[in-house]
Amino acid sequence: MKLYFEEYEVNTIQASMGRTITETDIVIHAGQTGDFYPHHIDAEWSKNNVFGQRVAYGTLILSVAAGQLAREMNEVAFSYGYDKVRFISPVFIGDTITSKGEIVGKREYAKRTEDFGLVDEQVTVTNQRGETVIAFIHIYMVEKKK
Amino acid sequence: MKLYFEEYEVNTIQASMGRTITETDIVIHAGQTGDFYPHHIDAEWSKNNVFGQRVAYGTLILSVAAGQLAREMNEVAFSYGYDKVRFISPVFIGDTITSKGEIVGKREYAKRTEDFGLVDEQVTVTNQRGETVIAFIHIYMVEKKK
Amino acid sequence: MKLYFEEYEVNTIQASMGRTITETDIVIHAGQTGDFYPHHIDAEWSKNNVFGQRVAYGTLILSVAAGQLAREMNEVAFSYGYDKVRFISPVFIGDTITSKGEIVGKREYAKRTEDFGLVDEQVTVTNQRGETVIAFIHIYMVEKKK
Amino acid sequence: MKLYFEEYEVNTIQASMGRTITETDIVIHAGQTGDFYPHHIDAEWSKNNVFGQRVAYGTLILSVAAGQLAREMNEVAFSYGYDKVRFISPVFIGDTITSKGEIVGKREYAKRTEDFGLVDEQVTVTNQRGETVIAFIHIYMVEKKK
Amino acid sequence: MKLYFEEYEVNTIQASMGRTITETDIVIHAGQTGDFYPHHIDAEWSKNNVFGQRVAYGTLILSVAAGQLAREMNEVAFSYGYDKVRFISPVFIGDTITSKGEIVGKREYAKRTEDFGLVDEQVTVTNQRGETVIAFIHIYMVEKKK
Amino acid sequence: MKLYFEEYEVNTIQASMGRTITETDIVIHAGQTGDFYPHHIDAEWSKNNVFGQRVAYGTLILSVAAGQLAREMNEVAFSYGYDKVRFISPVFIGDTITSKGEIVGKREYAKRTEDFGLVDEQVTVTNQRGETVIAFIHIYMVEKKK
């Protein structure tokens, strides 16, 4: 698929299937990042902490959400960055998350204004209780059609 | 360790050890996120693409960098979010990255101004050639001492 | 998506993106299956064997191929089984495989003829040199529309 | 071990030890194959589906069964393919499976009739309740002794 | 950090954070080692065995304990070996372990007496009930300052 | 298999197949243990260090060796501990190791002298150049036949 900057339309929405965040996902993320903080991998410590149980890593949920929305590939778009990543509610082991992306803005890309534009996708991740757990803006650098 | 909001000092710097990003890290990240785009896992496709080889996932490098700086735990700080995450240069298989964090700002947290403040840490990730590959602000919500 | 038995059309083709089979995939498959035969994980032994190098597990390539074609989900189809799975050429570390599926037949399902029919998809997996490495028939049990 | 075509005897049986299929096995198989269908990884969706819970991938059970029977290596045998792979009962998280292989046939291998013959092993996988969950024929290409 | 042989002091103690040993850790260790004994991965078999449930691998607990105490790196110390590794109590899925290391001895290293000495650290690993599960001596070869 | 204490014979030898230690094994071991020391995962740092390249974890090689010799299960033997674990030569990425176990001693088990005895197996792990990389004594607690 090739979808050029000019062809993106604000308010377009995509939604992912659901996925349950498991203890395995957390253990693998600990191993991938080297972050062995007890919030995520010490069940005893977590009992006496703010949430009463282990919570998923913010970077895990961000990574999974980005993956859930990496569906049909746009060959002329690149990931430029993220803005306003906010961890709103904790994700616990066994929670099931779904990601929704909405195109909320298009902007010129000052450095390469002739070739590329920037597209902002507001991503919202919700759990099985309908609570928003994380929200962020995924910025894509997209080729202009010319 | 308990380091309260009042005790954070702007310009404080921490630096991580290095870590080589391997093909294994990329394959595990594909499996963790479900993003099987060819930029990351198809060596043939990548030969003919912009970088001439597979590149690491942005979310992988962000996650690893956050992990590299998750050193001694501050029991009164929480991860609030990320701002201005920017993918500046590609990370290739075999590149070695190091993360540096610098406290660049302290702010009131409007919603809970009596209990917490926000601390901004500017994180910069560089490769073995000294190039910045990713930069972002990690925002911590930190208890006030009172 | 709901695609009923009556709606499947013989000769319909789907094709996957490519994926490079890495040493990591082989090591993870060894761990997942418990098959530690030297053909797959002993580089020294393999030097003196028929292919001169380690080869990927047949079940790895079968599993990856099935995954490559697990694209948009048909909610009324189930995996019934595989027929005529044949390992035609070896897959080496670094080979890139692509899977193609073609609907080659529709049949009645004797046990539940009113509710379901069987659909045969011929799957062919090729490497970057255009050689067929594995071929098999994936049989789906698909709801009838009635 | 070297067991030549002429030495295989029909009705010979081998049986594996047991192995519990865990949530971890399923998550790792999702990551290895890229198949993120909700039947396997979405606990909420599965509650309302035919089995009321997540089920293991067919290719996971096939791969594990093949691994369970990859015991003492026969240096003169090669995996030729699988026939009649049938998913008979679902495998749920926590089920324990055992694999049994029985030599059920020996045949000439038309393409290389002087050097090799084909041996059919009927593999049957059962769970802790004695139910057959998967069955298939593993075909080996075995050197002739001459 | 550079801590020379002369600077080590007997009775110095370090203690790790806690970590819960999960089913995932066991499954990954099975895959890493190729040890698929039913004590660790067959829940049914284990029900009727001495502990009534699956137990963690001794090598897993040893490896995790060594990792828990691999904190700030001493650039002039090397791992020389382990002595008196003893598996004292079983570790079950869900148990949380903490490791403590105490310097209990310093000795000459006969082979390279001018450059290096040996330092013995007694490591004790306890679970959430305060029971010792494993104990061992970690021997470091440490540079002399001269 | 049931092999009682009385039936063990000193000088009995078992030998494993070979296995290549891959970068993947090291990355997974880092993740499993939380030991992210640069000796194992920082290729740049390692270039300038004693071995000029990354080396495998001692606990990885110990765990793999124990797994390589966990062949036919003796139902009346238990792992009691390890003695004299010595890291003799480094294992580099791509080295292939083989493990040999020799029964070198039988002793009374003071605590339960009527029921159990101790059996010492000297394990020696060699690489493809014939160098010993690690050696240790695996102590088994074995039921007496009575």
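Per-chain numbering from 1; labels A, B, C, D, E and F assigned in written order.
To be clear about the criterion, a residue touches a chain if its C-beta (ideal position, glycine included) is under 8 Å from a C-beta of that chain, and two chains touch if they have at least 3 such contacts.
Everything numeric here is computed off the predicted structure, so don't read it as measured data.
Rotation angle relating chain C to chain F: 120°, from a CA superposition, given to the nearest 5. More C-beta pairs in contact connect the chains of B-F than those of the other pair, out of B-F and C-E.
Centroids of chain B and chain D (each the mean of its C-alpha atoms) stand 42 Å apart. Separating the centre of chain B from that of chain E, both taken as means of CA atoms, is a distance of 30 Å. Separation between the centroids of chain A and chain E, computed from CA atoms only, is 37 Å. Look at where the CA atoms of chain A average out and do the same for chain B: the two points lie 15 Å apart. Shown for chain B are the residues that touch two or more other chains, namely 17, 19, 23-25, 28, 32, 34, 36-38, 73. Shown are all chain pairs that touch, namely A-B, A-D, A-E, A-F, B-C, B-D, B-F, C-D, C-E, C-F, D-E, E-F. On the side of chain B, the complex with chain D involves touching residues 28, 30-32, 34, 36. Residues 17-20, 22-25, 28, 94, 96, 128 of chain D are the ones that touch chain E when the two sit in their complex. For chain E in complex with chain D, the residues that touch the partner chain are 23-24, 27-28, 36-38, 41-45, 54. Contact residues on chain E toward chain F in their complex (touch as defined above): 19, 25, 28-29, 32-38, 57-60, 62-64, 66-68, 70, 73, 79-87, 136.
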